[in-house]
Amino acid sequence: MSKVKILNDPVYGFISIPYGIVFDLVEHPYFQRLRRIKQVSLTHYVYPGALHTRFHHALGAYHLTCQAIDVLRSKGTEITAAEAEAVGIAILLHDIGHGPFSHTLEHTLINITHEQLSVMIMEKLNQEFEGKLSLAIEIFNNRYHKHFLHQLVSGQLDMDRMDYLNRDSFFTGVSEGVIGYDRIIKMLAVHNNHLVVEEKGIYSIEKFLIARRLMYWQVYLHKTVLSAEQMMIQVLRRAKMLRHRGIKLGVQGSLNYFLENTFTQQDFSKNKSILLDRFASLDDTDIAFAIKGWQNHFDPVLSFLAKSLISRRLFKLEFQDQAPRQDDINFIRQKIEKQFPFSKDVANFLLIVGKETNTAYSTSKEEILILLKTGEVKPMSLVSNHGIQPKMFTKHYLCYPKEIIKE
Amino acid sequence: MSKVKILNDPVYGFISIPYGIVFDLVEHPYFQRLRRIKQVSLTHYVYPGALHTRFHHALGAYHLTCQAIDVLRSKGTEITAAEAEAVGIAILLHDIGHGPFSHTLEHTLINITHEQLSVMIMEKLNQEFEGKLSLAIEIFNNRYHKHFLHQLVSGQLDMDRMDYLNRDSFFTGVSEGVIGYDRIIKMLAVHNNHLVVEEKGIYSIEKFLIARRLMYWQVYLHKTVLSAEQMMIQVLRRAKMLRHRGIKLGVQGSLNYFLENTFTQQDFSKNKSILLDRFASLDDTDIAFAIKGWQNHFDPVLSFLAKSLISRRLFKLEFQDQAPRQDDINFIRQKIEKQFPFSKDVANFLLIVGKETNTAYSTSKEEILILLKTGEVKPMSLVSNHGIQPKMFTKHYLCYPKEIIKE
Amino acid sequence: MSKVKILNDPVYGFISIPYGIVFDLVEHPYFQRLRRIKQVSLTHYVYPGALHTRFHHALGAYHLTCQAIDVLRSKGTEITAAEAEAVGIAILLHDIGHGPFSHTLEHTLINITHEQLSVMIMEKLNQEFEGKLSLAIEIFNNRYHKHFLHQLVSGQLDMDRMDYLNRDSFFTGVSEGVIGYDRIIKMLAVHNNHLVVEEKGIYSIEKFLIARRLMYWQVYLHKTVLSAEQMMIQVLRRAKMLRHRGIKLGVQGSLNYFLENTFTQQDFSKNKSILLDRFASLDDTDIAFAIKGWQNHFDPVLSFLAKSLISRRLFKLEFQDQAPRQDDINFIRQKIEKQFPFSKDVANFLLIVGKETNTAYSTSKEEILILLKTGEVKPMSLVSNHGIQPKMFTKHYLCYPKEIIKE
Amino acid sequence: MSKVKILNDPVYGFISIPYGIVFDLVEHPYFQRLRRIKQVSLTHYVYPGALHTRFHHALGAYHLTCQAIDVLRSKGTEITAAEAEAVGIAILLHDIGHGPFSHTLEHTLINITHEQLSVMIMEKLNQEFEGKLSLAIEIFNNRYHKHFLHQLVSGQLDMDRMDYLNRDSFFTGVSEGVIGYDRIIKMLAVHNNHLVVEEKGIYSIEKFLIARRLMYWQVYLHKTVLSAEQMMIQVLRRAKMLRHRGIKLGVQGSLNYFLENTFTQQDFSKNKSILLDRFASLDDTDIAFAIKGWQNHFDPVLSFLAKSLISRRLFKLEFQDQAPRQDDINFIRQKIEKQFPFSKDVANFLLIVGKETNTAYSTSKEEILILLKTGEVKPMSLVSNHGIQPKMFTKHYLCYPKEIIKE
């Protein structure tokens, strides 16, 4: 009887998926694959509940987009049935190009961004679905004349951010990230083809930006999370290096293929059908299984890294305001080489010098617009100075085994 | 400064782990392994949030046990520091013997229950920790004279059930399972060495039993969940059969070892050190990865099952009150053999005839005891008839590919 | 810009009130009066958060009704804009006839039910709003041909019950009352002009009925709540008696008017304009203030009752399965007369012999209908035996001052 | 059996009150009176759920204080049973001196702060309870040598603020106010006799300060709430003026007493027993009832204000950054005098010129101290610049009837 499929979602209660193209896309193996890609990579090492997936996030963002469309229509903005479906598809597929462990391995396995892959996969699906995704792709690529539809999918106040803050906050249990998403959505409107927020929603926007910033430092860039993710990157770097030297890794299939080669966007464009299929067969499982196996690999660096990661004996990571001095780096490097005399280049994999930046809000991107009670529209940065902080925050870090004792 | 490690838990807010033996056990690879074993197997195929693990559950049950101890002490029951620690360890490790996909594969991979394995692993850890787990093991095995401590770990109102109902309800988003766990715990007391519930907590107990029953039908025995789990069992059965016939499965290591042999409790007792280590190296990852690989196996039955499971093209499963008639079974069997002429015995893997039972509360086990205001103690079944239903509910089912059309 | 007024509701997040007749009704003094009538009378004496009002409940029920209409329309049931508005108005005003302390004083102050008064007040508003409420009144009185619209307002699964269970559970903090209201609403459909629930919603219906029963015993008929409410009734009974004997109560205006007279439905029908205005000027404040003042009244029975109620020195109340024996009643009566020798008839006000009944579900009223997957429609009682219990539960009680010692 | 009384609290689940002095204080009429004083005055005019009381808040703050004591003890800080009880009593009674509608009428009815009254009432209770409150009073007045105990009761991170942010956020439904109170409490420690927060709790403190600021603008200083509260002040001012002119107000008892006189702290000190008893007999009911009655008073200014408030026809209030110019004030004043020619001084009651300030955090008061991982202790303002904003924000406003049309 129901014309919709209803899914339980602990975050929103229920999510409705209309039967038809949207349902068919959800059922497609490409989308089902997202069930096996965790939304926040290794964050669960610190927040054990954070095992939610890109699949769940995409459905949540779809749900919020449907709500936003209802609100905009109720305020007189015309959105046709075809446009509503298309913007829904665009948000549903916005992360379809994510590979194993999402951002963590984004530039380690292949040399192409997940956005570029999302577009390629959407185009492939468009062929399969006989052109029914064309409008969605136009909106996704910001080539459709109704600009505000693109803004729902991608912008400083898009349904992607709205869902991931909600969802990550829910599954980590970090109440700091709770946002008044329902209030924000109710305050959305369209003005001169741009998404705007009614003035009385301004506190909720401030709160949204502050929550985003806090989630960055408390979750996304948590030093233990970062350490785990850096270690995973080193595992993969080491594995690739060994493979290039002709050493067997006990890995077959697609993962082996991407370990042996580092494909770029050009490669993907040329060999679309093969590379996309290969890519789409990968998910978190492949990496997790390989690392488990590498615990017993004969290369001592690879096995040390793999064992440490699996048993959660994570590297020490501490933030500092300044870039570390070369002297300090050299000092730790020598310590490592002395304490871990595994191989000549061991310190290249056991010492990570890095930095992280966080801009909760940027005035150089398209700004969030506020519709004042007077009818005027102003950018957020001119209306409020709370939560804005367009400054980029940078934190530097050194990351290395806990066994190293500095003094 | 803190003498405890604090973990975020979206269910309870925070969980405190005291440094010392409890913390060391949590850090142990055997316990960390539980991070890779989902609490409710393939339930996430229906409730996408249900990806929580045995690791998280064990910590949650530990947390509730600490609360229960505080309550009992505040009512004058003497519990020494050593006893409190021991009961905490017992609940922390109560599920340590679970293998990949918990209950689903319990009798498919090996022929020994997870409780038996839990005891064996605890004993192994006891050696490693030089006897510090002895009291915990006594309590777990109900050999300690303070019987109520065992009841906190295992009984019809234990902290295990309390946590899993809470947690599964939270992560599935099924509000039907919400229980007043904090109220129940506050109403606990000890009377004649038995755990009892103060009379004014009786509605909460009724609600707890009803929630448990509803969670059974709505989540644990949801027909789609059951179908997915049955399919996974068939995949493993098929793989084992092929392996016994000498066919290669592309699987190495411990999983291969358990596919080639079906070990019993006796085997484990004899070769404890080898088998336990082998067992402890397995988790959900191994099975998930193997099934992904088997999608391309040359055995058509194995690859059909694997592909269907990975792409979520699940078998049809419908409950019926009576056991299906042999005629109906044969009819479907013939259909399968006609439509899927893969192998002679194909129907043995594509048709599952089964039944599920559910007893929310049993009067034949040690009953929940109610401490009346008069000072008298009575079993729950004599005090209330709501939620009790000591009757066992049985539902039969046939499960087979959706492509089969009966008429 | 918004065409709706948005209200924060901690239960549902937000409630939208469209500008127009619905908004105007909310702004009307008759409806604003509901802000001063607590939803659950003196329940806050036990659950201190339960101070929510009929105003909030009416808005909540309106909100759920709007959701239900959306769901029914999405399944193909035609509901015109005028019908949707009318059913919204009907639910908004369904409790408009409640007087001070809702049910508690329903038959003490005046002799007419709140439903009868609701209709009278709706008719008065209909005149004021020039006939715009006619359709709403037809639906409320079940005279409109689309029967299912009436069922949304009044029935065993109406939006009234749905909201009050949610809301009372939320503000009391009794998690036992949590219901899956959003799931239930999503499962509603219309079949042969009747509201039905799709089969897969059956567990939620069971849970709804069980939650309702538990809320009865744990909240609505909680013995301390009942005691407080019975004491308030006795205060008012005593005050009326004194007034009839010509004794001044220090009370003016409408409350005095209703203390001096006990009006029936006939009286209201005859003197509609005067009596309704008088009635509509009363709310909880008048009663609460009068009782505060009566603490110092020279009648010792009145002042004893008032002081006890204000300082929360509540009478003892214990439930028993059988009606109390006359001997027991006489015994306590004599004790009271001996310990409280205030007046000849003191025991008529300090001893309450009563009973309470609770039928969570009735098979003699229009049953909840289940739409089976086969297309058949069956009453709930034939589909499930959980939660139904069409039996009426009765509990008897004696209620009297704690100072009385029985032995 | 339980040695504690357990109360349901929707915010924290349960609150335990130990039998003994704490329970006896809760049962005392002075404390029960707080059941009839709303925590946030007329905020429910905007957020209909915000009907919670000072009674509930005091219990909540008590609950958090008990948790904080447990945490501090677990970190090695010695707190004796007597001290724990005393600090519990101090927080329980910290608001006992609040009169009707809390802050709103604080300087209108009497000329003494609620803190001064709290101390006087505690002293009176101390006599009644034979000196058992002496230590609590010392702590409340910051005369006890363990300074950190006072800080739990009163400071920039006290359990008062912690509870009211939680509670007001919960009952208004404004998710912006949600704070990680449990995390903050877990991070508390004592260093050199001062309360400190462990470094890893710093994000939660930032969030706490930001939430406080947002709650100010979104709830406490919401323009509609402010308008209603200002109107109530004018009603009382008008009533007092009339009474001083000898005009009858139809009000008896204590309220009349405080309308006829404006007592100062000196008066209270002199006539403690009489004035405190009179004061303690007042609560929201008296004011609410009086205003209802004044709707029909013959003074047109009083009745206009009373009717407007009861029917929620609230004055217009708009914030502006600068103090309004005298010209603008005069202009509106003339409009009022023309449109409401009730009395010569009508504009003194229908036009309010005011300002509100908000300092979420002050560096001039005792600062929140952070215990760094290095062991050093630093004030919050030197560790973080987020959320601090020690600047005072000021907003000016004019408030007058909506009927006035400026142009």
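Points worth noting:
Chains: A, B, C and D, in written order; residue numbering restarts at 1 for each.
The rule is short, and it goes like this: contacts are C-beta pairs under 8 Å (C-beta built on N, C-alpha and C of every residue); 3 or more make two chains touch, one makes a residue touch a chain.
Chain-to-protein mapping (UniProt): A, B, C, D = Phosphohydrolase.
Only a predicted model underlies this, so the values are computations on that prediction, with no experimental measurement involved.
Path length between chain A and chain D in the chain contact graph, taken as the least number of steps between touching chains: 1. Set side by side, the interfaces B-D and C-D show unequal numbers of C-beta pairs in contact, with more at C-D.
Inter-chain centre distance (chain B to chain D, centres taken as mean C-alpha positions): 50 Å. Taking each chain's centre as the mean of its C-alpha atoms, chain B lies 44 Å from chain C. Computed from the mean C-alpha positions, the centre of chain C lies at a distance of 32 Å from the centre of chain D. Residues of chain A in contact with two or more other chains: 13, 174, 183. Put simply, chain B touches chain C in their complex at residues 174-176, 178-180, 183, 203-204, 206-207, 210, 213-214, 217-218, 386. Per the touch definition, chain A reaches chain C in the complex via residues 1-4, 6, 13-14, 16, 74-76, 182-183, 186, 189, 198, 371. On the chain D side of its complex with chain C, the touching residues are 7-11, 13, 27, 29, 32, 35-36, 44, 46-49, 51-53, 55-56, 59, 170-174, 250, 252-253, 281, 285-286, 288-289, 292-293, 310-312.
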